[in-house]
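In the two complexes below, chain A is the common chain; its partner is chain B in one and chain C in the other.
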Partner chain A sequence: MMAIDSGAASAEHTAGQERCKARCAGQPLAAKAASGLRIPADLDSLDLVARFVLELGRQGRLSDSQTYRLRLAADELATNIVMHGYRGASGGICVDGGVEADRVWVRFHDDAPAFDPRTGMKAPDLEVPLGERSVGGLGVFLALTAVDSFDYELVAGRNVSILAIHRSEHG
Partner chain B sequence: MSFDGTLSVSEGIATIEVKGELDASTAPRFHDLVDQAAEQGAVRLEIDARHLGFLASAGLRSLVFARQKMGDEVRIAVIGATEPVSRTIRLAGFDHSIELIDA
Partner chain C sequence: MTVKLSSRTEGDTTVVVLEGEINSTTSGGLQAQLLPFVGEGSRLLIDLSGVSYVSSAGLRTLLIVHRRAQQLRTGVILVGLSEEVRFVMSATGFLDFFEIEDDLDAARERTGR
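Coming up: the complex of A and B.
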């Protein structure tokens, strides 16, 4: 397995990455990673998430479509953590990821109140006119349908979500 | 996140050209353009998405806002969206209410 760090992360995040590695170390997680980045829980951080995932897709030799899907899911999940997890409060998000023989994965840790984002999913109600439709849960719906697997667990009080794309599938 | 949007209105047709990436960090700017288009009483809204590289749910919410603010009689079209962008619009079921042209 190859795990990557975001070479695109700004210098201000370097210290945070070290904290992330330290805080994430030793936890009984479903997959291991050697490094990651820690970002402030705000919408400006979405750009860093995007760059991290795009680099991961490149290293994992995913197709453009696969990388787009992984990025979309990561963007929606990060947005969900910022908007509905921390609800505007300050906080941090650890992001790491890796390339394995059969998949490329991205993992998020956060210290917002325990919440399984999958429970917030709401499929679009196509019977309701668009202007009257509730769009709550749409982001999680897009995230869940974009990736091949979306796992969540609460580990020592932290929310841990893992998104993955199967490398064996193309497109 | 790079995003650039411009609004032009001619003969009742509002055209918003969007370039870059639309997610929660950039959608408020798109939302403002939609709001301005609605304020000008356009009878048709065309979103030129040929150079839109990424679309997340926050951008879709602005389309819902456009439909709510402009009313059902205003036709809304997304023109030239790339395959992943148009796929997201269809997946969300927005293509029932918004035309996808050249996508």
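Coming up: the complex of A and C.
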């Protein structure tokens, strides 16, 4: 199929992709996006995130375990944005997501100070007895561990994180 | 989303049964309810089979319970961990620090020895 594509058709295809990307703010072309939500940055709003992700997992026919991991990562990241990003200041978090052939993804936008969870997290020292461990800091580690891919970008001063679970072929 | 707690005494063991979800909105209240059960002259057994979700906030609660139990030189046994809760505890190294039994019967058997 690739071979019969003329150069002109390819160019047109690429242009179409670019238009879509611009319209959807970087959303992958193949995504069937669920309409997103915007929540105030407080703990009471996190149930909305959980509900959104559970519904996405259902739409993407993820297993219970996969849905749990995606929800856990989303919950931990959102909690971190509320507690350590905005630190009690008022602000908003935009959440959207989608189902693609090979993955289900959830994306967070926030305007808290720039924070890359991938480099900012500290893995727990598993050798240290529990009684001597610090009480916090596990959330971002869990978020990164739970999902199959975790991407982060600072876009025009906003934190953008995309969490994804790979769908199995029969999923 | 909520978490409910009920308790009973079985011999020298206090059994606390939790139901619901332990996350950043429910963990604070749960911790306050749970701590008084640690060390009332007995071991504490926490039945998590009705808990469908635990986030790091829930782990924090378990950590605080664990510390209190250590101070009071008593034990905490967890039973009824779902595959997912086990994943959360295993990834963070929590599994090794608690006595874990599959269910209440297994824990009773162990107590009886």
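Just so we're on the same page, the second predicted complex is superposed on the first by the 131 of 171 C-alpha atoms of A that agree within 3 Å, B and C clash if a C-alpha of one lies under 4 Å from a C-alpha of the other, contacts with A are read in each partner's own complex, and residues count from 1 in each chain.
Convention: contacts are C-beta pairs under 8 Å (C-beta built on N, C-alpha and C of every residue); 3 or more make two chains touch, one makes a residue touch a chain.
Remember, it's a predicted structure, so these values are computed and weren't measured experimentally.
> After the chain A overlay, clash or fit between chain B and chain C?
Aligned on chain A, chain B and chain C clash with each other.
> Go through the superposed model and pick first if A:155 touches only chain B, second if only chain C, both, or neither.
In the superposed model, A:155 contacts neither chain B nor chain C.
> Taking the superposition on A as described, I'd like to know which of chain B and chain C A:114 touches: first, second, both or neither.
Touch partners of A:114: none, neither chain B nor chain C.
> With the two structures laid over each other on chain A, which partner does A:89 touch: chain B (first), chain C (second), both, or neither?
Neither partner.
> Could you tell me which stretches of chain A are touched by chain B in one complex and by chain C in the other?
43-44, 46-47, 50, 65, 68-69, 71-72, 75-76, 79, 83, 124, 126, 129-131, 133, 135, 138-139, 141-142, 145
> Spell out the part of chain C that touches chain A in their complex, as residue ranges.
Per the stated touch rule, the residues are 1, 23-25, 53, 55-57, 59-60, 63-64, 66-67, 70, 83-84, 87-88, 91-94, 97.
> Under the definition above, what is the set of chain A residues touching chain B in their complex?
These residues of chain A touch chain B: 43-44, 46-47, 50, 65, 68-69, 71-72, 75-76, 79, 82-83, 124-126, 129-131, 133, 135, 138-139, 141-142, 145.
> If you look only at chain A, which of its residues touch chain C in the complex?
So the residues of chain A in touch with chain C come to 43-44, 46-47, 50, 64-65, 68-69, 71-72, 75-76, 79, 83, 124, 126, 129-131, 133, 135-136, 138-139, 141-142, 145-146.
> Can you check the complex and tell me which residues of chain B touch chain A?
1, 21, 23-25, 54, 56-58, 60-61, 63-64, 67-68, 71-72, 83-84, 88, 91-94, 96-98
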